[in-house]
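In the two assemblies presented below, subunit A is common to both, partnered first by subunit B and then by subunit C.
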Partner chain A sequence: MANIKIDGKELQVPDGITILEAANIAGIEIPHFCYHKELSIRGSCRMCLVEVEKMPKLTPACSTIIKDGMNIFTSSEKVIKNRKGILEFLLINHPLDCPICDQAGECTLQDYVYKYGSAVSRFAEEKEHFERRKELGPHVLHYAERCVLCGRCIRFCEEISGTCELEMFNRGVRCEVDVFPGKKLDNKLSGNVVDLCPVGAMVSKEFLFKSRVWWLTRTESICPLCSRGCNIEIDSRDNKILRIRPRPNPEVNSQWMCDDGRFGWSFVHREDRLTSPLKREGEELVPISWANAMNLVKERLSFIINNFGREAVAAIASPYLPNEDNYLLRVLLHSVIRSPSIAIYQPAQAEEQMVFPSGFTIEADKSSNLVGAQDMATVDGKQPISHRQLLQKVASGKVRALYILGGAPRISLPVDEREMLRKADFLVVHDYAPSELTEWAEVVFPNLTFAEREGTFTNFQGRVQRLKPALLPLGEAKADWEIVQEVCQAMGGEMSYPSAEKVFEEIAGAVTGYKELCYKGLGTLGKAKG
Partner chain B sequence: MRVVTPKLSIIDRIYIPALVKGLYTTIKHFFMRRFTQEYPEEKRKPFPGYRGLHRLNKDHLGRVKCVACYMCATACPSQCIEIEAAEAPWKDREKYPVKFEINTLRCIFCGMCEEACPELSIQLTYIYEMADVTREAFVRRKDDLLATNEFWVLKEY
Partner chain C sequence: MEDKILLRYIDVPHIEKIEVYQKHDGYQGLAKSLKQHKPDEIIEIVKASGLRGRGGAGFPAGLKWSFVPKDSGKPVYLCCNADEGEPGTFKDRLLMEKNPHQLIEGIAITAYAVNCHTAYIYIRGEFCQAKNVLEQAIAEAYQNNYLGKNILKQGFHLDLSLHPGAGSYIAGEETGLLESLEGKRAEPRLKPPFPASVGLFKGPTVINNVETLSNIPHIIMRGAEWFKGFGTEKSTGTKLFCLSGHINKPGVYELPMGIPLKKLIYNYGGGIIGGRKLKAVIPGGSSTPVLTAKQAEDVLMDFESLQAAGSMLGSAGVIVMDETTCMVDALANLTRFYAHESCGQCTPCREGVSWMAKILRRIEDGKGLEGDLELLLDICDNISFKTLCPMGDAAIGPVVSFIAKFRSEFEDHIRQGRCPIEKDKSIKVRG
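Right after this comes the complex of A and B.
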């Protein structure tokens, strides 16, 4: 431990940290551009220079290691003058197009100039101009004029993604960030350079001109597109998702997320989303009311139970849906209908696991809650069977009625499995849009996507994390646990959970590994199950 | 509560002086400047700085001057401005509004949009006759706002 003094504030900090980190501990803000917690230190922006007693010149806070007895001044006259000077230099060739810049509102240059800079420019000459906009890759646009040359994007591509597409070209006033000739900024993490950029030089193509950032509603949620469960922030406006950004969680995704998750939310706004329960009439599915749908399900399930026994009813849990839904499905099967056959949908792994040099991994398993669904469907230590085994039972006629939770962002069933599905006498499916599952379904219940609902996902590490609703439900669609609960009630089960939180409390009492958890206690970062 | 009636003097009690005084005011107004205007035959001339119907200005090439920065919509206290930005079809410009709507029923004509505009694109004119028969007509679309200028020339107040 070292004893230091920052702005007259005496404190003890661990050895080996930098002045900037020490100032963070002390709660003192030191403006900086090039420093980033997860990247190597470059010290090129000169914005974080501070005064240290007995040092002849100002010293960069981001790269100076603290020593015992250091006396640091972060807002002395010299430091303030330096900040003002640096900002004036940065603004010399900056186009000052904040009104049409997507970064405005969350731009550090804008904030720093407002806080530490000068309101007028002394620069009377013509500004240096660059090619206005360059397409660096499929998701990223670059505005060289706005760039402050901090090099965060370059270091990101070298250290985190390990793809090294970016470099600084030319010198002096013509210096600009660009891709190597013939290369594209086309890696699975390319969207992160947009978040990393402290100014509006790197801009997301998908979000370009969509909205001003101060109008976005931020909701902390979990990415549903692979089993890693990256912590995300859903930025929405007028009941539409406009962008998704990663939220730091050192245990799961550090500060990053992959482009598949970042830009893969379009299924939420699919044109053909289901808005009311559907019933099969001949070839077509026609909308019916919830009450009628429940009656129909009750009638058909009772008929099958009476004629073929309880074992003829089976269900497939979904690894794409939160724990609450799968838990209530298990309650429906085991406690209400009392049939032992619950299976779990196991998607074929189409992609390989992708590991980046920094350790960030995109999982091969593209379902968000396989571990959780397995936990929920395990009764007395008996693991659920795979959906294929169950479908074979359907094909052989042992199982007559099938209740499937769908909700997969993308699904592709092999042809033989689709044929086996067809053999079921009565097929109930939950899904948010027409899919291969609803092809033969007799009743389809419209469910909600991750952005519209509450619940918990258990990621591949066994970390339980909370989803929060960012959008209003579409039409009459309901969360799956609500639908399953209604079916339970129709089948004579006695339960009424008012919210997903109450279902989770029930899970905490009934499922091994979830005993220590409480819904509120999961917080924004989640908790590992026992 | 007890009402105290003031004790009137003899002059007050004969009423004649008060009557003459009142009549003097009436007769005086026959010879003063007339304030009443015969609206709608006679149009009122707004004072400088009057804030009436909005207009969208055009640049020297006749294109909409607005760059869709949403500053007006951000400054608007009644949230009556709805803009949708898109990539501009011109080379020298990047962003332009594909949709620009002002709900004049909601608008309070405070002029904040005009003050916030960095391009001098939105301005409030002197037009005060905006009556219409449908609610939809009060939602001024981009083309209506761009045409306000021509409309304004016709209306000489």
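Right after this comes the complex of A and C.
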């Protein structure tokens, strides 16, 4: 430990940390552009220079290691003048196009100029000009004139994605970040350079001119597109998602997320989303009321139980849906209907895992909650069977009624499994849009996507993380746990959970590994199960 | 006592050939080093000689070598900085073109002293002639076992490679050079760590200028005391002065440190063209603060004297300017150079220097504004000691000194809205 003094404040900090890190501990802001805690230190923006007693020159806070007895001044006259000078330098060739810049409102340069800069410009010369908007890759556009040349994007592609598409070209004021000739910024992590950019130089093609950022509603949630469960922020407006960005969680995704998750939310706004329960009439599915749908399910299930026994009713849990849904499905099967036949859907083939040099990994398993679904369906240590085994029971006539939690993203079955599925006398499916499963279903319940609901996912590490609704439910659609609960009630079950939180409390009481957890206690970063 | 060290044999025909060089005491210093001295003794001799770096900063060479850690477990590298790019400086080129073996011998001795087995000459890309000569000389040195394995059967190995630069001034900054040598953009590194501990390929690295290294064989052959017989107490040895500008006999002159500037200009340089009046002298390459004619009257050309006069010996590129020189025009030209050569990684140098270049050109074009000089000086203050590498300060040296010493000329430009100087039209300055 070292004893240091920052702006007169005495404190003890660990050895080997930088002045910037020490100032963070002391709660003192040192403005900076090129420094980023996940990237190597470049020390080039010169914004973070501070004064240290007995050092003749101002020194970069980002790279200077503290020494015992150091006396640091972060707001001395010299430091303040330097910040003002740097901001003036950064603005002289900057187009000052904040009114049409996507970054305005969350721009580091803008914020710093308000805080530390000057209101007037002394620059009377012609500004440097660059190509206005350059397409660097499928998702990223570059406005070179707004760039402060901090090099974060370049270092990201070297150190985190390891793909090295970007480099600084030319010299002096003609410096420009660009892709190498013939290359495109098209790696799976490319969207992160937009978040990393402290100004509006790297912008997202998808979000371009979509909204001023201060109109966005920000919701902390979890990405549903692979088993890593990257922590995300859903930015929405007028009940539409406009962008998704990663939230830092050192245990899960550091600061990053992949482009599949970042840009893969368009299914939420599909034109053909289901908005009411449907029942089969010949070839067609026709809307019916919730009450009628429940009556129909009750009638058909009771008929099958009476004629073929309880074991003729089975269910397939979904690794794509939260724990609460899968838990209530288990309750429906085991406690209400009292049938042992519960299975879990498992995709036929997994994609390759993608591991980046920084350790960031896109998981091969594209389901968001396989671990959780397995936990929920395991009773007395007895693991659920695979959906294929269950479908074989359907084919052999042992199982007559099948209840499937479908849902985002859609489940796809190989041809032979589809054939087996057709043998079912009665098929109930939850889904958010017409799918392979709804094609044969007798009753379809419209469910909600991740963006519209509460719940928890257990990621591949066994970390339980919370979803939060960013959007209002669509039409009459409901969260899967609510639908299953209604079915339970229709079948004579006596439960009435008012919220996903209450279901989770039940899970915490009943499922091994979840006992130490409480819904609110999961916070925004989640907790590892026991 | 002869008065030349480095250029002593410069006029010997074919001194660039190894047989001729050998006949003129060539490689005797290396032989003596390997056979009679331990590496540490060489460092001590060079320390005792008082030899200071000839690249510009004047850091004591022996001391620099002694910073190399002995037990880092990583290979030590030696880089000869032959990226001579400071405007007004053209001495290393002469040394390489005329007497390449002197440099190679200096490199071999230095490598032995710092326990280095891989050395590089990073040569400015434009120096085609020097490159060809050096390539030939290196091949000869390998053939004669002054380089390669088991040199002179003394158990010392050294590989020397010639690496042509990719054409930028900043590659002459030592860490910019290392980046470039590693195949990256020549962007100076953040210091610390210093190259002596973490340099080329993360190994301890010594970087010396061509002229510095060329002195080494002579110091070893004749001893530290002999070397100290040249020059002043703290600036020992001789120096290659590069005379250019409005002078009758421009060229490279090897003279002892501490020679009066006046003598350099009038005795050796043959005085000012057309007998005109001296106006200003930049004494040590374009980044060193300018001296007025009055200061030039009695200043001595060594590290301490020039520092006392508010300037620097730098690379000893002496740029002589007579009364037909417009100081605004000259400064605009110099600053344009620094703006063009800024690597662009750090904000103050990238933005500030280019801004100054634009203002200066505007003043010279008769569009100066009141307050421009204060603005220029404030920009200098915002660059001064705030950049990542010394280049920011190199760029403001001329601006601050030109304005301080020739302020009325700048004010005349702004007030009259034109350049009032009657220039020598035979000299072309790029705008």
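Following the convention adopted for this analysis, the second predicted complex is superposed on the first by the 527 of 530 C-alpha atoms of A that agree within 3 Å, B and C clash if a C-alpha of one lies under 4 Å from a C-alpha of the other, contacts with A are read in each partner's own complex, and residues count from 1 in each chain.
Convention: a residue touches a chain if its C-beta (ideal position, glycine included) is under 8 Å from a C-beta of that chain, and two chains touch if they have at least 3 such contacts.
In this text, all values refer to a predicted model and were calculated from it rather than measured experimentally.
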Request  = With the two complexes overlaid on their shared chain, look at subunit A and say whether subunit B and subunit C clash or fit.
outcome  = fit
Request  = Scan A:Pro99 for contacts with subunit B and subunit C and give back first, second, both or neither.
outcome  = first
Ask   = What is the contact status of A:Glu125 with respect to subunit B (first) and subunit C (second): first, second, both, or neither?
value = second
Key: Per-residue contact with subunit A, leading partner among subunit C and subunit B   = C
Ask   = Put simply, what angle do subunit B and subunit C open at subunit A, by C-alpha centres, to the nearest 10°?
value = 90
Message = With both complexes overlaid on chain A, does A:Met202 touch subunit B (first), subunit C (second), both or neither?
response = neither
Request  = Kindly classify A:Ala144 by the partners it touches after superposition: subunit B alone (first), subunit C alone (second), both, or neither?
outcome  = neither
Query = Counting only touches as set out at the top, which of subunit B and subunit C does A:Arg174 meet: first, second, both, neither?
reply = second
Message = By the touch definition at the top of the document, which applies to A:Ala424: first (subunit B), second (subunit C), both, or neither?
response = neither
Query = Measuring by CA atoms in the overlay, how small does the subunit B-subunit C distance get, in Å?
reply = 26
Ask   = For subunit A, which residues count as touching subunit B in their complex?
value = 99-100, 132-133, 208-210, 212, 214-215
Message = For the complex, give me every residue of subunit B touching subunit A.
response = 67-71, 74, 85-87, 94-95, 118
Ask   = Which residues of subunit C touch subunit A in their complex?
value = 168, 170, 185, 187, 190, 339-348, 350-355, 358-359, 362, 369, 375, 381-382, 385-388
Residue numbers on subunit A that touch subunit C, as the complex places them = 41-47, 49, 56-58, 60, 63, 81-82, 85-86, 88-90, 92-93, 122-126, 128, 148-149, 151, 167-168, 170-175
